[in-house]
Amino acid sequence: MTAPLLHLDSLTKLYKRGGLFGREEFRAVDNVSFHIHDKEPQVFTIIGESGSGKTTLARMVLNMIRPTTGTIFFKGQDLASIRSGGARRRFMKEVQPIFQNPFEAFNPLKRVDRYLYMTAKNFTDAHSPAQLDAAADAALNKVGLSIGEVRGRFPHELSGGQLQRVAIARALIPGPSMIVADEPVSMVDASLRMSIVNLFRTLRDDLKVSIIYITHDLATAYYVSDRIIIMRKGEVVESGLARVVLENPQHEYSRLLKSAVLSPDPRGQGVLIGDSAASQQARASPHRQTINSQS
Amino acid sequence: MAQIPASSVQNNSHVLETHDLRAYYRMRYFGIDREVRAVDGVSMHVRKNEVYGVAGESSCGKTTFIKAIAAAIRPPLEIVAGHVNYSFIKGDLYAMPAAERSAIRWRHLSYILQGSMNVLNPVRRIHKTFEDFAFRHMNLGRAEFDQAVKHHLERLRLPAEILRAYPHELSGGMRQRVCIALATLCKPEFIIADEPTTALDVVVQKDVLAMIRETQSEFGSSMIFVTHDLTVHANVTDRLGIMYAGRLVEEGRTADVFANPMHPYTAHLIASLPKIGDTQSRNALSGSPPNLADAPKGCRFHPRCPLAMEICRHENPALTTLAEDHRVACFAASTKVQPANDEGSGEAKTLEMAR
Amino acid sequence: MRSYVIYVGKRVLQFALVVFVGISITFLITHLTPIDPVEHSVAQVSAFGFSSPESIELLRQSLRELYGVGDNLWEEYLIFWQRLAVLDFGPSLSAFPTPVSELIGRAIPWTIGLLTVSTILSWFIGNVIGGLAGYYNRNRILRIIGMIMMGLHPVPYYIIAFVLLIVFTFMLPILPSSGGYEMNMNPGWTLRFFGSVLLHSILPAFSLILVGVGSWFMGMRALVSNIVTDDYVTYASLAGVPERRLVTSYVMRNAFLPQITGLAMSIGAIFNGAVITEQVFGYPGIGRLLVEAVHAADYSLVLGITSIAIIAVSAAVFIIDIIYPLIDPRVQVSQ
Amino acid sequence: MIAVFRDLFRYNGEFAIGFMIMVIILGIAVASFFSPYEPIDSYLVALDAPPSTEYVFGTNSRGQDIFWQLTFAIRNTLAFGFIVALISRILSLAIGLVSGYVGGAVDRILMSINDTFIVIPLFPLLVLLYFVLRDDMTWFVLALVMAGLGWAYDARLIRSVMISLRTREFTNTSVFSGMSMPRIVTQEHLPYVLPIVFSTFMNNMNWSIGLEVTLAVLGFTDVDTPTIGGMIFWANQHSAMVSGIWWWYFFPTLFVTLTFIGLFLLSISMNEYIDPRSRLDRMGNS
């Protein structure tokens, strides 16, 4: 029996606010456990609103921050044991990220191709300029671009859609077995959204890459996911097969979330009026609250 | 206070009319001249008591369009040509003296803006903002005004304590509700809502949208509602205009547009909307919107259009009524669509805005 | 309220740290240099030849005490703090045997008065004009004022003070050239004395304001030109909020707040300026006392003034920091 | 870099004027190498001669040609400012980068120290230092001390820029492209920090020259090394104003003021180059 691809064991992340006096603890992620099995690649979706801790979770899985308690195993290796630069690099070869804002993913003062070449140089056998070019081109081809469209270009010379594709291509260069995508479609236009989500399907089916897809959008989650977990205030409230959970949510919060999703079918004006009991409740809820710390 | 006689425009049932509105950004920086045609010949109207949606993706010109009809033009943006008329003013919005224009604001024309985080003055209590915005229009004494504000909040089922709060003490959703209360306090004829729910969580978003729709119908205001999110349009708007690259490409009753999109761009946008319970594979549109500083000739959609024909490369299709209350600008949609005869012709009269 | 207490607690710590570091640097400067300031001073005083050997021995004794005779540096350091705690710097050398604390006590009200008035005025004038210049950025008069401010800003204190002195006392002799009040007038709570003090403070204050105003002006103008593009200003101007209200409550109010913390940061620099100003205009404050003490080789006085200046400036900063959250509603929560 | 320079020169009036002023000032400083006199020699020429064709800026009561004296003074003053700025830039860059990058307790400690240095009034300390050292307080010692005290404000600025850069997404892209931290800092982040370093360099030169002039005028520096402040000090010593030898004051004052304005203009034009908001503003105004 092989170890699962990713295994999270009662993961908790506390943030302390305040300084010497009166520290306040804030549980960004609270006792989260799940695993992604190794048998076949899948799209594993983490759903949550702002403040749910989904981004903190993603950053822990990417080994960018350390959990306060709990353990993360990737292919059986405890992430806490990664200390040397070499171990870090081996981990990055397996797990790569895609971030939220395509316009921010690349340094505006640098050429975009730089990141493709760097990745190829650091994580593959390619060394000569021709080999690097070939590696970059191969990855770009997988996302429907070619090196000719990207070479020598600065970020502002490419559209948001192109940049997001280049970001995905870069993540593919090391040949990772898992990609963590944090809100990859929340900042892109609707016409582009589907092309990125479709790309996830292709990555899973053709390139056998597992994807952790972090989003607040239930509709794309349903469209693309195999399994999902729903998070609220750092805790997992519901998890399971995506179709099953989203079609028939069990937890109260999941139901509330689903009921709040707008249908794209126009039902005539006024459908929203007095529609949800939740809305009445929300409006009576305590109005004073400190600024939500970002997840 | 300048009292403006209502209803002096062409059509009584139209609260807002724009005619061939053109708003360009003209920039000169480090020796480079640029002209960005962000809104390029938009003619539309909003009827009394309706919510008119404007949809489009980033940099399609919808924000600029809103600025133009709100008279929020600042250099480098200029109104190059066209008219903006409201039922509650005489003549063109840009022909009015600045003082009169200022007097109609909030009394007749109010706004709900995007980004609830920063729209309220962070160092001013909410009731002060109500006073700043509305007091002079209400013709009430201090105490009566406070009473009216409290009554209004009650009607919108908002707790009165929020008046004493600072904006940072309220959650994002509550701030946006405050903005709605603020915008409807004077019961204006027209409300401009610019991406009012974009920054909100889904649960809050639905409630805020319901509140907008409720207050709008309760007070009988007309509204223009701008968002890139077509799902929101499906639930909130009565009529819908789709913008692409600075032009209106399709307009009709929201239900009709969704049921029978005539422009290939609209069709693609609607087809790409995912739904819970439906995993059928959806295609995405290739390419990206053009750079408006160097827009393609002819129909601006033709480089991405699956139906592009020879004429699309040279001629700009006019927005043509093809079904009841349904206008489309696409040669492929129907042979009735004729080229718009506006490219370059007609004197583009520059209406410079005094600040 | 609790968060305010926490905030104050942090500021107290910072204040203590500033005093600690400042005084320690003062100690180190005097103790780590190869020269023994005590012998140096005694040599200087005896060089004038006006003192008897006994009084020189007395001097040496009191200086040694002040210097902190101890077995090692650490002990001397502790003694230094003990004396500082009771503000005992011993007798002045140049005005023997008047205690240093008395000389400083006499001079300090002048400096505090001059600094308070000129600081507040230049802060206020600079910020108001800068704010207006940022808001009405096309106004020709404000643009010209802006150019003058920018031209004045980089000129060092000394030169401005000197030019003012020449213009208003030599070329146009309308203002007194030196002193804190008219010579041969008895200080007292009389109107005439007060008027004289006011008249004598005009030039020094004016010079300080002239140099101080520029940086506030530029800072505020930059702040305001950012704030006018903020959402809440756009929103309010779309709402037709009257322009005067918009400028005051929306633009200026928000721009003023960061300038208050800026005020705290600039107080040390203002103090530097006041030393020169007092010297140029012969103003009887602590700055002139310092310069005179250096020339008279008055070791205890120099040490006393330096220590007091560090404590006074950090106290002023501390007070501004403490007041700030009471003015800005946003700091209550976090920080 | 050359293109940036060219664009600034062509389209930014402040930069062009500041640059030309500094070229003139530097030219005068360079002229000191061709001086017929030694800077400390006195009673070489006629006393108190007003500006004339022979003595362009006149002579002083110590028998020195003010023009040639000024060339040395400007050279020394500029060199002084340059050294202070250089050393304090290295300090503020190092502390700002470390504080911003490492964060946590290191950051808190460094910033407490930093805030302390911002608050402490420097002038009395410098006077005390002079008082103790007297003749041992050379031009170079003063420069070292001022550099040691003048880094704090800009270190904070650099730190805040570093913190915002660290949280930007492209930093993470670089990390996951396998770049090492030193490489990310030097290649990805430094291009954002360098313009700030340049701009504060000019400001810091102004600050240190101003303090030096002030100290020198009061006689609290090594007055034998000719600096601009030292020239004014000697003029004061000889009561030049009372004797009507205005040129002794006028030319040093004029040139130090020009230096200040030149450096200041360079600094604000650099700032404008950094700040995209003011660039946008410029777009609207032209």
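Think of it as A, B, C and D in the order they're written, each chain with its own count starting at 1.
The rule we apply is simple: contacts are C-beta pairs under 8 Å (C-beta built on N, C-alpha and C of every residue); 3 or more make two chains touch, one makes a residue touch a chain.
Source: prediction; values computed, not measured.
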Chain D and chain B - chains in contact with each: A, C
Farthest chain (mean CA position) relative to chain A: C
Separation of mean Cα positions, chain D and chain A [Å, integer]: 49
Centroid spacing, where centroids are CA-atom means, of chain C and chain D in whole angstrom: 22
Between chain C and chain A, distance of the C-alpha-averaged centres to the nearest whole Å: 54
Where chain A touches two or more other chains at once, by residue number: 19, 290-291
Junction residues of chain D - those touching two or more other chains: 285
Multi-chain contact residues (two or more partners), chain B: 168
Of all residues in chain D, those that touch chain A in their complex: 108, 168-170, 172-180, 187-188, 191-192
Chain D - residues contacting chain C, complex: 112-113, 115-125, 127-134, 136, 153, 206, 209-211, 213-214, 217-220, 229, 232, 241, 249, 253, 256-257, 260-261, 263-264, 268, 277-278, 281, 285
Interfacial residue positions of chain C with respect to chain B in the complex: 138, 230-232, 234-242, 245, 249-250, 253-254, 257, 328-330, 333
Of all residues in chain A, those that touch chain B in their complex: 49-50, 159-162, 189-195, 197-198, 201, 216, 218-220, 222-223, 243, 246-247, 256-276, 278-280, 282-284, 287-292
Complex interface listing, chain B residues touching chain A: 51, 57-58, 157-159, 161-162, 165, 168-174, 177, 201-207, 209-211, 213-214, 217, 228-232, 234-238, 254-255, 258-259, 268-270, 272-279, 281-286, 288-289
